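Got a structure for you, questions after.
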Amino acid sequence: MADITEIRQPGSYSYVFSPYPEPVATVDPGQTVAIHTEDAFEGRITTEQDLPSKVLGSYLNPQTGPIYVNGAEPGDTLAVTIESIEPARDWAVSVFVPYFGGLTATQATRLLHDPLPERLYFYELRDGVFRHGDRLAIPWRPFLGTIGTAPQLEAVSALTPHNHGGNMDVRDTCPGNTVYLPVRVPGALFYTGDAHGSQGDGELCGVALEISARSVLKFDLIKGQAIDWPRIESPKKLMTVGSARPMEDAARIAYAELVDWLAADHGFERLDAYQLLTQAGEMYVGNMVDTNYSLVAGIDKSYLS
Amino acid sequence: MADITEIRQPGSYSYVFSPYPEPVATVDPGQTVAIHTEDAFEGRITTEQDLPSKVLGSYLNPQTGPIYVNGAEPGDTLAVTIESIEPARDWAVSVFVPYFGGLTATQATRLLHDPLPERLYFYELRDGVFRHGDRLAIPWRPFLGTIGTAPQLEAVSALTPHNHGGNMDVRDTCPGNTVYLPVRVPGALFYTGDAHGSQGDGELCGVALEISARSVLKFDLIKGQAIDWPRIESPKKLMTVGSARPMEDAARIAYAELVDWLAADHGFERLDAYQLLTQAGEMYVGNMVDTNYSLVAGIDKSYLS
Amino acid sequence: MADITEIRQPGSYSYVFSPYPEPVATVDPGQTVAIHTEDAFEGRITTEQDLPSKVLGSYLNPQTGPIYVNGAEPGDTLAVTIESIEPARDWAVSVFVPYFGGLTATQATRLLHDPLPERLYFYELRDGVFRHGDRLAIPWRPFLGTIGTAPQLEAVSALTPHNHGGNMDVRDTCPGNTVYLPVRVPGALFYTGDAHGSQGDGELCGVALEISARSVLKFDLIKGQAIDWPRIESPKKLMTVGSARPMEDAARIAYAELVDWLAADHGFERLDAYQLLTQAGEMYVGNMVDTNYSLVAGIDKSYLS
Amino acid sequence: MADITEIRQPGSYSYVFSPYPEPVATVDPGQTVAIHTEDAFEGRITTEQDLPSKVLGSYLNPQTGPIYVNGAEPGDTLAVTIESIEPARDWAVSVFVPYFGGLTATQATRLLHDPLPERLYFYELRDGVFRHGDRLAIPWRPFLGTIGTAPQLEAVSALTPHNHGGNMDVRDTCPGNTVYLPVRVPGALFYTGDAHGSQGDGELCGVALEISARSVLKFDLIKGQAIDWPRIESPKKLMTVGSARPMEDAARIAYAELVDWLAADHGFERLDAYQLLTQAGEMYVGNMVDTNYSLVAGIDKSYLS
């Protein structure tokens, strides 16, 4: 383990998933590396005085990347297995950002209300539990909030989840699982960031338990097989992630992709897959706060044998 | 147990949740009864020849009710504990109904496509598993797809879920859990039906494993406490159900109701409840096919102590 | 004109479009009658002290009806030509109702904000203009905010627009135009109310220039021709109204219905109608505040010859 | 007029609105130029054999730009007056593209249907009318379907409308009107393309009467005044454009921006502006087919004096 490559973002951060910039590192298929990521606020919120409206600007959710995967070409699929996520500090922060969140007027759902109060919640991480005050005690259940590859054409904000992955904020991009991502440009140009120490479904106020982290990821390449949207495989489940607005479009994408997956790789006639998912599919809300909502459809592998 | 009251729908079925009709039975708070329900098609689909387009008309999803709860008055809450659900037959049916379902054009999402093919899936229930052909084997996990009380003013189709409960199609209205429903008219006028032998999240094609059933329910009354939307309590969790379109409105309702519940009954300041649910809330899609989508927000009780 | 029938709501108002209640009047096809309607608040807001949160309850938007149309049977279409609307008083009122409107959190779009301020706007109607203070001067452009027939099965709140018509709040249900409504129960059971002295597209705050009125309507019957959603014909245009959430579903319904209309009655192949509406269709937002949003699709008749 | 600058896209087209590329031309505030634009298909559809599924790829909706505006800095507003649009050819084309349009399953609203038929409609432009066959005759009413400035950070597909303008497909970006666009990067980096010979509200099938064109535009700069979303001024009206999904979010944005405009520049208290727009606002659907829907809110200037 002494010789694992440690990838840190040199110089400035990436705030977009973009096909254009120079890679910060290169990996080979089959290689395992450790990736260091800053928290979603770039570490600018550390005290009660650091109100979001004061310390945050347009540049949010810094990513480590792009990482160039040797041999990856458009039409391939990148398989990234998350082996571990370790916190790089012993605390996390969540905040209420004005006009951002699931139960507030936002830039997209524009209303005439004043913003909800800003408020900061610092949590201490001790013995695997995040604690804030007497009532809030949240177990360490880390995942990578943002993970994806470069789009073909656009440079997409690191705040946006879409068919390239990105800011999906779904709890299954976690240790033990493999994330499948489309390769749309040479080298795939992988990015990740926004590690969460824990998060409920929906990331309700818009900000999870934000941490800086060191994550160990193994990169593999599936040549000549394209996917349209991100997929996740856990030891027990197959999952697909749809990101769209309104939320029902995210749900439709996730389940339609899972229908296609079962049809292509598991021998189900397409309408039979539709029937199976009707009776045994699972679907949770990953985020209900980002520029697209992300929903996760899943099926237990026991149904596929 | 010999003397439990057995409630069957006499005469014709109820196809609306309505404040107007005569009750079919009366129960006392504290009483446990057995309620018999027909399947959502009123038993009209039993052979491969019974295509939905031929045998189904406007009258769908028959309910057993209304059941008058003695002493229930507007402003109270009805607590219905589902003690058991037993199948009344050894088979279930699911079908693809033209222009109905989660991955098809519908009456609400009107497009120019021809309908998807009609198709019937009959399942045999044996040893706790529903089987259809070689590939489909779904465990017995029953719940009541439709359960609710009369609205104050409207007569609402039994196909619609809303703040009176109704056709929510959420898997947690199941044995072992208590469903809290608003009382909006004298006697509450409780209805239930649409028992499902099993169902995946979202009820993707619109039709679960439809069965006729005998369900044992205990009725309790919480006097002088009103709720705006249905709630569910399991041994481990508190849950709220929001039903609306677009789906994000259902999600907002469910989580906003859970914020209010934690604030009212569990000593959380409202914004702290918002924070807690951000980090530890759960949210799954109950249905993505009915006239309103139903989403379920939940929190493990361990966070509330 | 001395002998035109004047229809007033005897006794209590209708707050639902319902197939059940006793008609308040009967009309013959071909007959012209005058219908008197109260304002949407039943006249309870007349002074600055009449805050909505104080004087309004659950019973809103009173309708005059049901009116039984002799000979109308399910499967027919009712054609109602609005010949005139006269104000029954020389003032109108608009108000900001807590948690109701287009730019506020609502009961459906549930957020954690406090409500916007309540505020009352009384307008004086003089010389065809509604005036409030120095800056607000709105011309008299009356229409019937709510107009429809009974649904087949449900009793639908007078606040809801759907395929029976109802609370569409679209400015083309105005003098000179004919409104086509589906007949779903014997006698059609026509209702109308909610006259607006004027209203912008969307009815943005949720409350137009609410007036009591006397409207002269001519009733005709088209036997054996069913329509699925309300239609409107002006001297120059054909229009269809879709009411749904999210708003794009209302838009889809309205245009899909217009495609069907052009195909059925104007000799267009269905995809050619789709093409024509792409290049020449019109679509405005009727309401963006009610329980369903109503959008109006239209086509100038000059394209149909 | 002999010396007006003619701007043509040299080399390859722009398919994104991007802050990064080299400008193709530079203009001064106050300058009037003529901009040549290709049709949305880059001229690849000219015969019945040119089915979209065959001749179109990922690169769509080519833009002429970026055009650097001297002196424009972030925080300014660019005012572009469209003086004229002339067709560069005597025909237009519209097509049904698989899984694209307002009444079909799409990449965003994913369903299991087969695509609608592909079909091409070529129109001849003669005497100010586009004609196709016997039934389709559409008057010349040109506008620029796509017009905008570079976003601050992202490179946004030329198919997407958002707060930078872009592919709004609203009929009021037409001769005689001034389009106000936010300046987010030095030089504004203006792009335009996608000229439409005519289009109905919503651009229902997704493809208007696509033409190549020469448009004369005058550029002005409003220093030190920022806007968040595009605005349009006609001789009679003030308008704002909101682009989002679901459609109600586009409607909210458009009207909220108009409230802010009336408050900032026309002396209305904010809630009074909300009231005025309730009674006199206008709102039509620009597009219901693009990656965001665009709605236009408007107010007649006569209300503002």
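We call the chains A, B, C and D, going by the order they appear; numbering starts again at 1 in every chain.
In this text, a residue touches a chain if its C-beta (ideal position, glycine included) is under 8 Å from a C-beta of that chain, and two chains touch if they have at least 3 such contacts.
If you're wondering where the values come from, they're calculated on a predicted model, not measured in any experiment.
Chain pairs A-D and C-D differ in how many C-beta pairs they share in contact, with the greater number at C-D.
Two copies of one sequence, subunit B and subunit D, touch each other mainly through matching residues, since over half of the numbers at the interface are common to both.
Of all chains, the one whose Cα centroid sits at the greatest distance from that of subunit A is C.
With centres taken as mean Cα positions, subunit D sits 46 Å from subunit B. We define each chain's centre as the mean of its Cα atoms; on that basis subunit C and subunit D are separated by 33 Å.
Contacts with at least two other chains are made by residues 103, 109-112, 116, 245-246, 252, 256, 259, 271, 274 of subunit C.
Taken as a contact graph, with one node per protein chain and an edge wherever two chains touch, the assembly is complete, since every chain touches every other chain. By the touch criterion given at the top, residues 94, 96, 102-103, 116-117, 119, 121, 130, 135-138, 198-209, 245-248, 251-252, 255-256, 259, 267-268, 271-272, 274-285, 288, 293, 295, 297, 303 of subunit B touch subunit A in their complex. Interface of subunit C with subunit A (complex): residues 103-105, 109-114, 116, 246. Residue ranges on subunit C touching subunit B, taken from their complex, read 15-16, 18, 20, 58-59, 108-112, 152-157, 242, 244-246, 249, 252-253, 256-257, 259, 270-271, 274.
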